[in-house]
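Structures follow.
The two complexes that follow have chain A in common; it is paired with chain B in the first and with chain C in the second.
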Partner chain A sequence: MVRPRLILVALAALLVVGVAALGLERFPPPEFETDYVRPTTTAPNPPQGLWEYVDAGVLAVTLVLATVLILRTRNRKLIFALMLFCLAYFGFFRNGCVCPIGAVQNVTLTIFDPGYAIPLAVLVFFALPLVFTLFFGRVFCGAVCPLGAIQDAVLIHPVRVPRWLESGLRLIAYLYLGAGVLFAAMGAMFVICRYDPFVGFFRLSGNWEMLVVGACLLLIGMFVGRPYCRFLCPYGVILRQLSRLSRWRVTITPTDCIQCHLCEDACPFGAIRKPTEPWPNKEYQVARRRLAFLLVLLPVLIGAGGWAGYELRQWLAMVHPEVRLAQRIYLEENALVEGTIDASDAFRALGRSSDELYAAATQLRDRFGIGGALLGAFVGCVIGGKLLSLSVKRRRTDYEPDPASCLACGRCYRYCPKEHERLKRGREGLVRH
Partner chain B sequence: MTQRQGKMDSGVIITVLICTALLVAIGAVLLVDATGRRGSGLSRVYELDAVRLASFDPNLILYHEVGPPIATGFERSRALALGANGRFYIAGDKAVHVLRDKGTLEQVIRLASEPHCVAVSAEGRLYVGLRDHVAVFDEAGQRIVSWEPLGERSFLSSIVVARDDVFVADAGHAVVLRYDKTGQLIRRIGEKDPDRDIPGFIVPSPYFDLAVAPDGLLRVVNPGRTRIEAYTFRGDLEFFWGQNSIRIEGFCGCCNPANFAMLPDGRYVTAEKGLIRVKIYDADGVFEGVVAGPDELVVGGAARVFLSVEDAEASGFDVAVDPDGRIFVLDTIENTVRLFVEREKG
Partner chain C sequence: MADLSQQTSADEPRVAYQTARTTAKVAGTFAIVFLALFVSNFIGTSVIAPLRENRLVEMKAELRGGDPTEEQLADIRQLDLQIRRNRMWRLDFAHKSGYALLVSVVLFLVAGKLARVLNEPPPRPRSIPDVGAEQIREARGSRWTVVAGLVTLGGVAALLITSAAPLAFVEAKETGPSYASMEEKRLQWHRFRGPDGGGVSVFTNIPTEWDGATGKGILWKTAVPLPGNNSPVIWNDRIFLCGATEQKQEVYCYDANAGRLLWTGDVPVSPAATQARIDPMEDTGRSASTMATDGKRVYAIFVTGDIAAFDFHGRRLWHKSLGVPESAYGYASSLETYQDRVIVQYDQGDGSEDLSRLYALDGTSGRIVWEVKREVPNSWTSPIVVEIEGRPQLITLTDPWALANDPADGAEIWRADCLGGDVAPSPIYAGGLVLAIEPYSHLVAIRPTGQGDVTETHIAWTMDEGGPDICCPVADGQHVYLLESHGLILCCRLADGEKVYEQDLRDNFTASPSLAAGRLYFLSMDGVMTIAEAGPEYKELGKSELGEKCHASPAFGNGRLYIRGLENLYCIGEPVAGGRAD
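Up next is the complex of A and B:
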């Protein structure tokens, strides 16, 4: 009888031989046995097949763990430990790539460019946090996102950000999401990745400007909880909307709210909403008139945004390398600049005609006109929607986390006396058993 | 009146810190070179300085150029062969030009398509390799026969005539074909065959040269492996030599040597493309010296940047050797033939 261990050894040996056979076929790389030093590149190597699946697997497992820790165990220390693991794994070990935030652009490019095939792992990274958010709230933000984790780890002295300022600053994230989608759809740039403030820390290299931005955000993050997540994160915008629909999500109290007010200032992200008072009749009438006005204003804002976006097409199109090249070639051909640049030399070497380039650039600019109009309309819609939401009073009887803003960090649990009761009962139960 | 001395509200400090960080961050974002207009911004350690890497000891140059270059009369010269009685056979454009020693155009053999390689037999027959087939001409330039086409993927890059055989290098299929002189295919040489320890040719670009050495073995460049391999006419791999290196002793780049020729005493004359240099190796493949380096062969030398695909492709110079050991270099950029002879020793 053949032992299973022997079969395993034989399979391993076969694998080794197989790999060697594949290696034989490979084109031998040039060898520079001179004093030339091959520099270390700033970007990580392309993801290898197996690691992509390992990453997707780790993401799935950590999301499940995060859900259990946040919704059932309700233990901030364990949530924090998981957060540190995710920071170490997805951030420093895997160099911050793939991440769901940047994956928004891959998905967009897949929709608009039939020639681009999205890797399965990227699709999983994009979709899995959305699915979990739809069912369990922002558990991804709470314990899995490395960008959130690095900010959460430095939060030492949280200060309250006024609601009006918070709402205003959050518009930047919507604009950022719109720009990220627009530029990815046009094949111009992955702007979200280009301006990732923390990836330089994860890779221990990067351009100094973004390292400075990252350092500044961490400095701000010592006092203002997770500034990137709250005011900039484009993926967070999507998660906010999905979290509103979630069936199970974070609650401050494990049972009933006793209105003790103790949790009122517990959240460093300003996500806890107080119980509401009924509106006085006079105020209600004013609010109704304001709502009617804002409903009329909404299409105006959308239209104005769309018009402004369309008018900005020339400026937006300059982000696309083809349009920039066309402009450069035009300047060179009309002797408006001196000399050439690498891109214009390469263009001429390829033998393409200027007319062909100009036609392509014009077409791109027209497409940016449509895209810019949609972006502007989107921003107008967001501003209008935000104004409308401020005019609508939601009835709230308990202290509860705002489903959209709650980052599921678990800090508020320990402020609730009912939570202490639950924990006490748990400990007594353990003793009895 | 109460006065606070030496104390500042922590809220003020935090606000100042946040505002300062915010302003610095905004400034840094504005400074990001998202379009790459400022270049890579990398230090010189990232620079691959071809000029420095291509430099070598000038004492290694064993040859010098003689006489003015001879114009081939082509816009795009492709291959060079030497015939008996001092004739040059140069393939290019859509013709073969036959030139006398001093460059006098003696004969023009017009072709329907662009020739890639040319060889002359001892009887004076001309074998011209077109893209997918060989055409044979008599001494007067009359077409005798065209051999069977080899298919769409074929790209004939070199041809050599032995006593009874004709060897053709097909870069498209990465194989050497042995024919008899009537055009009957006898054997395919160099295809991957682990049972015979033949690794197969790697041909990344349309440069794939061969020659018959004085020892009676066929020499074929395996350009992707940057070496020259010796085969019997039966297709057995006997030995090989050559190493990938940007140093003068080796062959640099993805696929070199582009062309080579055999001196009467069994030594090799190799021509590399990219970093254009012509060198001498002894019969065992040991580097002996340089015929001409980039500075001697090309305007701009190693610093030359090829701005068009055609220009870059033309950097594969061909070489031929006459019975006296004189080396003829086909300059495919200037479309000339240049003669190099050994320097007086001492």
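Up next is the complex of A and C:
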């Protein structure tokens, strides 16, 4: 008998290879001369402005609905239904663009490039989930985000990720956010959009590398709940911090925690925190010294990160297309590479001087020096801050979702006996009426 | 009956679970099948189909060699049709199997999730004897993971920082400009007649004896593929020259030590030149203009007006057409370089149509940095850039002007109305004077220190006893030597233009005279080099025969002399040169 798990593994292996098939090339047009006149290629019309407002409207409505379903109704099925709708609408229907995750870069570019005007819809997409998170926790992640939804949809057999591993992997998202902001600020690229792992699925097309990455993430997502959201999402980094400040957010129990432990392993994302117990006296002494050391270490890490970021300016600058072109032109001029590429041919056809290009690229390299220093300092600050936060004693008396990590999916509700009581009361109330 | 009802009700979740599980299995199996089909189709598209496409490309390439037959065309069309049909079929298959895969995967996920929900185990809280200790362990483990992340990041950063900088152009820009300095150029023969275009070598160890018939003194001899009357230019161990026919224009780079052809660069004949059917005078030929180099790139221009730049490894950096020049005998002005720019004297027409230009092109891109319109007719002289009182001047001769422009922006510095007719000998700068020749008429010396029209104020002297029609003058600081095409040497005092002596070599010349180590070199069209001592008296030191006709001026390297014959390039000298530069 074939076991479902075997099918799962076989499917997983083949899926990784199979997504490459989506990247089929187009065949070149015939070279024979005929009477056929090839139509002039025209740029597609820009998307209708109306759709942007419709999207913003749908986002606002779904956020309100998500808030109600997650905090008031507390119904996982309805939350899941809303999530599927958002996956269908924002993902497959609207092709995964605009999304708040990529909008981080638009906002950054607006700040650093006076010539760039951010569309209103993009601004709404960036700001609205932040506002909702500030008041209601991560309701956007729970039911509206299409990237979260596609991962949630494939989660079949959740496996618990050890807390120590989770702490380390989460740092990647901070790095990714820093890099995304830096590259957008420099006008180099929208790295978050370019490496969006799921947009290829939403559009049923894409380059095979990203499709393979996306497929791998979905495969991992069958066992590890929402790996992109937890370990990679740069927007999630901002949402985490805002969610800590939220006044109303997800609670496991609708009333008081009775310490039944039933919800302990309910969360596939490892977001439920246990009540804490007092530390032994000896541990307090060690913790105090460690805290003092880490407080001293923090500025050192920031400084070292800044220095390293500055020193890496040439590597960082290589992301910028102009710098890459300058490098290519230099290599071609000095016969360090063979042949030319389209970009270098186009550059020469434009008649621009290579010295001009080198000067512009050198200037960009210098700007990357400043940006790299800031990025390095940010990374140093994140790592130092993380070490500090892991060295501080928390006080918790109940089982509760971690305000930063909780993705507001509503899975934990049904594990709570108090929730069953509440539902029972509701049903009885309905019967009485 | 009630029991049966209860049993049925209790079995319902079990049946639902089994249904969901079976559905998941079936959907999963279908997904695997579709995926396998999808992958095999992909392999067929990306691996097998290109083999047939390569065959099509080869068949098309074979056609380019000559006139295709109808049969060949039919074969190609047939294969092309097959490939297209196959590709369309595979695309259609990919779409259909893709959608089937998507549906089966969705079904698998839905059924799998349902099966999971229906068979989800009840919560089993673990019994942890010491929660506090476990939390301390978790925190410690997390801290170590973060530290490991920090170490990894730091290691990667250290590796990148200590490794070679990836941006090579930044390093290059920080270590110097992308062109040779004037001082570096003075040690080379980077243009027609060497540094400053004066025909004077800085080396003292130039050979004085050789014999083409016996091979004595000749280090190597190598064939030049296409004809041309341009002279070799030298940069370190590389020799550059060019040649052309009506169909082809080529640049050659030779190894100076062995004479090996290192590379050949192709300069496409522009469509305008093909249509114009240029027919230059035979003595001019299609490649009379000598190349020039700025130490990083080498430039060539042809009678067609096609100009190109190559790097020292033979990569063509750019090429462009300046328009087919209207030149009575064929375009022949050689190129000059200033910093990373190539200077082109592009005099053409009869002067009434505003066609003539002086260009400075960016050496790396071919972009026109500046251009100056000149209301002058066609001329055959070459521009020179010389430093006068600390300031570079670009000097050109045409009818009727001797002109000086700023090579930085093309702004005119001075002009003197002193020439006429078909001006061909190029200017030289010697003894603080610019020397210009009007063929068959006079030699004029101009003090290049004025501004504006200096005709009345800065003409130092004029020597009216004739002037060469082709060969450029050469000067040793005391005297200037003129060589007429029919072999008459005319020596004048540089200070006042007074004639010092005349000497008839009784031979024909198109190569300009040169000077090295106080010796004058006169290369006749028959390939005979007459060497004479520079000075107030003609004193012949010897004659050496190459054995091949020569039209181009020789080039001087360290201890070596490079002469282009009509068919071969010769290197005269010793294997290892050990001279010094004065």
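In the analysis below, the second predicted complex is superposed on the first by the 386 of 433 C-alpha atoms of A that agree within 3 Å, B and C clash if a C-alpha of one lies under 4 Å from a C-alpha of the other, contacts with A are read in each partner's own complex, and residues count from 1 in each chain.
We adopt the following convention: contacts are C-beta pairs under 8 Å (C-beta built on N, C-alpha and C of every residue); 3 or more make two chains touch, one makes a residue touch a chain.
As the structure is a prediction and not an experimental result, all values here were calculated from the model.
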Chain A residues touched by each partner, larger count belonging to chain B or chain C: C
Touched partner set for A:114, first chain B, second chain C, both or neither: neither
Partner chain(s) touched by A:223 [first = chain B, second = chain C, both, neither]: first
First (chain B), second (chain C), both or neither touched by A:332: second
Chain B versus chain C as contact partner of A:387, first or second or both or neither: second
Which of chain B and chain C A:262 touches, first, second, both or neither: second
Touched partner set for A:351, first chain B, second chain C, both or neither: both
Chain B versus chain C as contact partner of A:278, first or second or both or neither: second
Touching partner for A:157 - first (chain B), second (chain C), both, neither: both
Which of chain B and chain C A:213 touches, first, second, both or neither: first
Common ground on chain A, meaning residues reached by chain C in one complex and by chain B in the other: 24, 27, 30-32, 157, 348, 350-351
Chain A residues within the chain B interface of the complex: 24, 27-28, 30-34, 36-37, 39, 157, 159, 189, 191, 194-195, 207-210, 212-213, 216-217, 219-220, 223-224, 319, 321, 324, 345, 348-351
Contacting residues of chain C [partner chain A, same complex]: 21, 24-25, 28-29, 31-32, 35-36, 38-39, 41-42, 45, 60, 77, 80, 83-84, 87, 90-91, 94, 98, 101-102, 105, 108-109, 112-113, 115-116, 123-126, 130-132, 135-136, 138-139, 141-150, 153-154, 157-158, 160-161, 165-170, 172-173, 178, 296-297, 311-315, 317-318, 340, 362, 364-369
Residues of chain B touching chain A in the complex: 11, 14, 17-18, 21-22, 24-25, 28-29, 31-35, 41-42, 45-46, 48, 53, 199, 202, 204, 224-226, 243-247, 252-254, 306-309
Contacting residues of chain A [partner chain C, same complex]: 2, 4, 7-8, 10-11, 14-15, 17-18, 20-22, 24, 27, 30-32, 153-157, 162-168, 171, 175, 204, 260-266, 274-280, 283, 301, 304, 308, 311-312, 314-315, 317-318, 323, 326-327, 329-336, 347-348, 350-355, 358-359, 361-362, 365, 379, 383, 386-387, 390-391, 415
